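We call the chains A, B, C and D, going by the order they appear; numbering starts again at 1 in every chain.
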Amino acid sequence: MTADRYEIHELMIARIAEEMTAEGEHIVLMGSFTPLAYAAYMLGKLTHARDAWLAGYNAVGIGPVQLSFTGSEAAAYRSATSTASFNQNGWIFHLGTRGLLECVSSAQIGADGAINLSAIGDYDAPKVRLPGGAGAPEVVQNYRRMVAYFTRHDRRTLVEAVDFATGRRTPIGAAAREELGLCPGAVLIVTPLAVLRKDEDEQPFELESVHPGVDVETVVENTGFELAVPDDVPVTGEPSARQVELLRERIDPFQTARFDFLTGEERLGYLEDLLAREWDRAEALVEQAAAR
Amino acid sequence: MEDLPGLIPEGSTVVLGGGWFANHPMAAVRELIRAGRDDLHAIALLGSIDVDLLVGARALRHLTFSMVTLEAFGLATNFRRAVQSGELPITEISALSLQVALEAGAHRVPFLPLRGPVGSDLVAMHPDFYGTASTSLGDADVPVVKAVRPDVALLHATRCDALGNVQHEGTYAMDPELARASDRVIVTCEEIVPTEAVAADASLTRIPGLLVDAVIEAPFGAHPCSHVPRYAQDAWKLLDYQKAALAGGDAYDALLDRIRGEDEESYRERMLGDGRGRVLEALVEAAVVIDEEAA
Amino acid sequence: MEDLPGLIPEGSTVVLGGGWFANHPMAAVRELIRAGRDDLHAIALLGSIDVDLLVGARALRHLTFSMVTLEAFGLATNFRRAVQSGELPITEISALSLQVALEAGAHRVPFLPLRGPVGSDLVAMHPDFYGTASTSLGDADVPVVKAVRPDVALLHATRCDALGNVQHEGTYAMDPELARASDRVIVTCEEIVPTEAVAADASLTRIPGLLVDAVIEAPFGAHPCSHVPRYAQDAWKLLDYQKAALAGGDAYDALLDRIRGEDEESYRERMLGDGRGRVLEALVEAAVVIDEEAA
Amino acid sequence: MTADRYEIHELMIARIAEEMTAEGEHIVLMGSFTPLAYAAYMLGKLTHARDAWLAGYNAVGIGPVQLSFTGSEAAAYRSATSTASFNQNGWIFHLGTRGLLECVSSAQIGADGAINLSAIGDYDAPKVRLPGGAGAPEVVQNYRRMVAYFTRHDRRTLVEAVDFATGRRTPIGAAAREELGLCPGAVLIVTPLAVLRKDEDEQPFELESVHPGVDVETVVENTGFELAVPDDVPVTGEPSARQVELLRERIDPFQTARFDFLTGEERLGYLEDLLAREWDRAEALVEQAAAR
């Protein structure tokens, strides 16, 4: 049953969660701060991918954790069935052949699927120095599935060529990947307007689906690189009522996944609000303990 | 605690433990700032306020990193400014490659092979770090990274004993590998305990004492970062920090002056007095694992 | 337990967990003998009765090893006879190099560098295993070993859960790396427990369940080897074994026939009945750490 | 105070224990079965090297353990302050630069310090197939000190050239080693007759000392390779009364270190005796527990 009302980030989460499968030997790791992706992992784990393996920080085999700025880490350890150093996890999951799904959110993505997390403008004299890619350069290369998600779909984000390729999945074609011993899997882009995918190195990104109410023209106009548009473009599936309920009540009651959709000015205020609720919850616990 | 900076020779390359907002050695970082250091080459795997504070206090002459960010709070303001202005020379290395390079240092081998970031522009940019190997076994063009051996590892842990054994109950990132790779290992910890307490749960010991040169008791030594399961990140003080960094100028200078004008005990009183510390502890308890059966 | 041999394809290369007389997967070894296997390539890091029994039962077509010995009980009789007669083809590799080669397999890289056994005649004997590498970083003639990726790892542990998480309380040798290196991982354990029991002490989990293909409950599954802290090695039964092996002929055939004619439950009754198991457990308790203050 | 009475293995243990120092960053590991060496490690740890680091099995930072066939492993874990997999210990201690003292007991040792743990006779058609060297090939190369000990001193054991070099420390000279980044340190041979040492690749083993009552001629006659004999050969120091007491009462009450001195025929009987005493101790515990 489709939800009567949902927000766009909930649709994106549900679409990304489709990529979560319960393939036994693969794992999904919570790495650098990407709350929308985390919500998708948890949603998959609570619905169609109950046997999926999750990890975060040094905790491996964790349960689905409620997202919060101050609680996700603690919940990960409380539910973990094992722990391992970043290096051990790096070898086995990130650099091995056992990574299932990696979501990245970069400043730019290019026609070739390259992502820029380093610098806008000249690398050596940047207009904006970005945070850097953490493990994304290796991870987009070695995981089974790569999803780049963006909270805006425009020609400044989806560009012909990125200013700097912090990471690039190469090759992309399944046959070429398998020949090199790499896991096959397309590059997926999920935005507030549409889902794009690239299956072959020599072919452009294809428009996989447009979200309800979005017309194809809008997507093409706002994409800075050539887009293959099939004759019949499907509409992205909407989240179910149950998915939306799980997201709002269980997975992300503090709405951390909405965060990236705010403008810079809105953010700090939203954050203060959200943190006030986390604080109240903790303070209530302290008061309860004092009362006992 | 005040003796810590003296253990780090002039011009040292110092690798910082922890990752994201988890368990950075913040008490040690503050102590370096109090000592007025301006000579350090920091290596940060997944840096946040640790790096931004060192940069803001002009403690670094070079930074090697894979990421520096204040995540939800925004870009790392001082880091961004200092790189954009050209004031801070950087070496950007992808995280897994940096991890493996430090592991090579730990193993006392000159390089290690890995399934590397072949599509990244960082590879061509650093041919002295990202290389390829061929072997008498028939391998050709295998991606490798050059070993990194820091002078000093600066780590924070849950507990240590006098022999230098180091236990983390929560996030230990790649602290064990940093200890193995570095010539000198300095560990601050929430508490120093008798060796019997360490032996009682030996599987929690992440670093054996023979690798450790100094242990220093520093309660809340990761604050405002988290030290799970003892305390959560202090998102409120992180927000205050970011506001001061964004304001810059006098506001940020005042922040630095307060740190320089106090010791760690005064810092804890200022930051965690009036029961704030207990709320940070309660946040760990308040964290929710979703009941899969009920959901 | 009886299904275990079916999980190991014909002709598989099988690496055995444990080391010396500690924690070899002996119940699994016996089950392979019961199944009449004669097709296996065993890899034994530090083998003892596990290898000698497989060789005595003619289960192996090849053996890769760094050491096979019955230590105080003498040379491994069947191993020695089979190699001296030329019946058993062997590949002898030094232990650290074999460890590193398995780690290379685990890391999905073709080779790893190490400070190798350059003075050993084994190096020249196996140029397809011990090699050298040069790199674009300027390294030349760095000793390396070729990755080894076994088909199957056969391990014994203290407890597992249904998700395949594996905990060892005592000796785990390099079982974690064997699990990572091998395509299929089969673990016998003293007991299968609920996942909550594993999560209660997650730092004891040596192998995360996603690497594990099958877990099988096998109490005293390391016997006559040790599984500390549950039970000590059964030196008395090891001595009986060696006497039969030294006698050879009918005496050793009778030993094999007894194993083939019973299941693991009968084996436990025969070996550990009448309270013998409790004494093996008490031997762990009887072990003495010398009081340094008093000494 | 020198002990009034001691056995030859006790003298050898005391001499090997001298090599145990408490150098902070170095460690001694109990690996393959060498009870005489273990006794030396424990003796050092209980006397002049109290700060020494010991490890055994996966247990690191262990206390001094009483030697027994069935108890040493359990005692190691009970006293451990950390644990690590063989690979981790391999990298950090064996293959790193932190191994202090490695004792080996091989079938043969050559004039060049090579040890044979593989085969007597032709390797491919051996007269005696030996156990193999375990980690000795890497360890004799990388540790600070290498001690080869033997329970007999004869020309079949100390040979001009070994039948097969399972391991060989090379180079041996301190300057050449340091140039390669290897720990410096001589090759020491300790036998029931004497102590020999080799400091330089191009120089023969030198007679460091003869044990009390042994004449130099006997040593030379029973050594299968050229031996440099100084004008004045010192006598090996005898174990002190306290050392012998520690060995007999604390470290090795079951006399496991005597074991290697027995002939093949004597061994199984000796072992049965010794094991009977270990059994009695454990059975008494079971009975005590039942009585409670």
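To be clear about the criterion, a contact is a pair of C-beta atoms (placed from the backbone, for glycine too) under 8 Å apart; a residue touches a chain by one contact, two chains touch by 3 or more.
Since this is a predicted model, take the numbers as computed values, not measurements.
If you average the Cα atoms of chain A and of chain D, the two centres end up 57 Å apart.
One finds 42 Å separating the Cα centroids of chain A and chain C. Centres computed as Cα averages put chain A at a distance of 25 Å from chain B. The set of chain D residues that touch two or more partner chains comprises 77, 79, 83, 95-96. Of all residues in chain C, those that touch two or more other chains are 107-108, 114-115, 203, 206. Taken as a contact graph, the chains fit none of the simple arrangements: neither line, ring, star nor complete graph.
Interfaces, counted as pairs of touching chains, are A-B, A-C, B-C, B-D, C-D.
Within the complex formed with chain A, the chain C residues making contact are 106-108, 161, 163, 165, 180, 195, 198-199, 202-203, 205-211.
Across the interface of their complex, chain A is touched by residues 19-20, 22, 45-46, 65-69, 71-76, 79-80, 83-84, 86, 92, 94-97, 99-100, 102-103, 114-122, 125, 169-177, 206, 226, 228-229, 232-233, 235-236, 239, 242-243, 275, 278-280, 282-290, 292, 295 of chain B. The touching residues of chain C, counted against chain B in their complex, run 107-115, 127-129, 131-137, 139, 142, 144, 146, 201, 203-204. Here chain D touches chain B in the complex through residues 24-27, 53, 59-61, 77, 79-84, 91-92, 95-98, 181, going by the rule given at the top. By the touch rule above, chain D contacts chain C in their complex via residues 32-33, 42, 45-46, 50, 57-58, 63-66, 68-75, 77-79, 83, 85-87, 90, 94-96, 114, 117-118, 123, 125-142, 164-170, 182, 246, 250-251, 256, 259, 264, 267-268, 271-272, 275, 278-279, 281-283, 285-286, 289.
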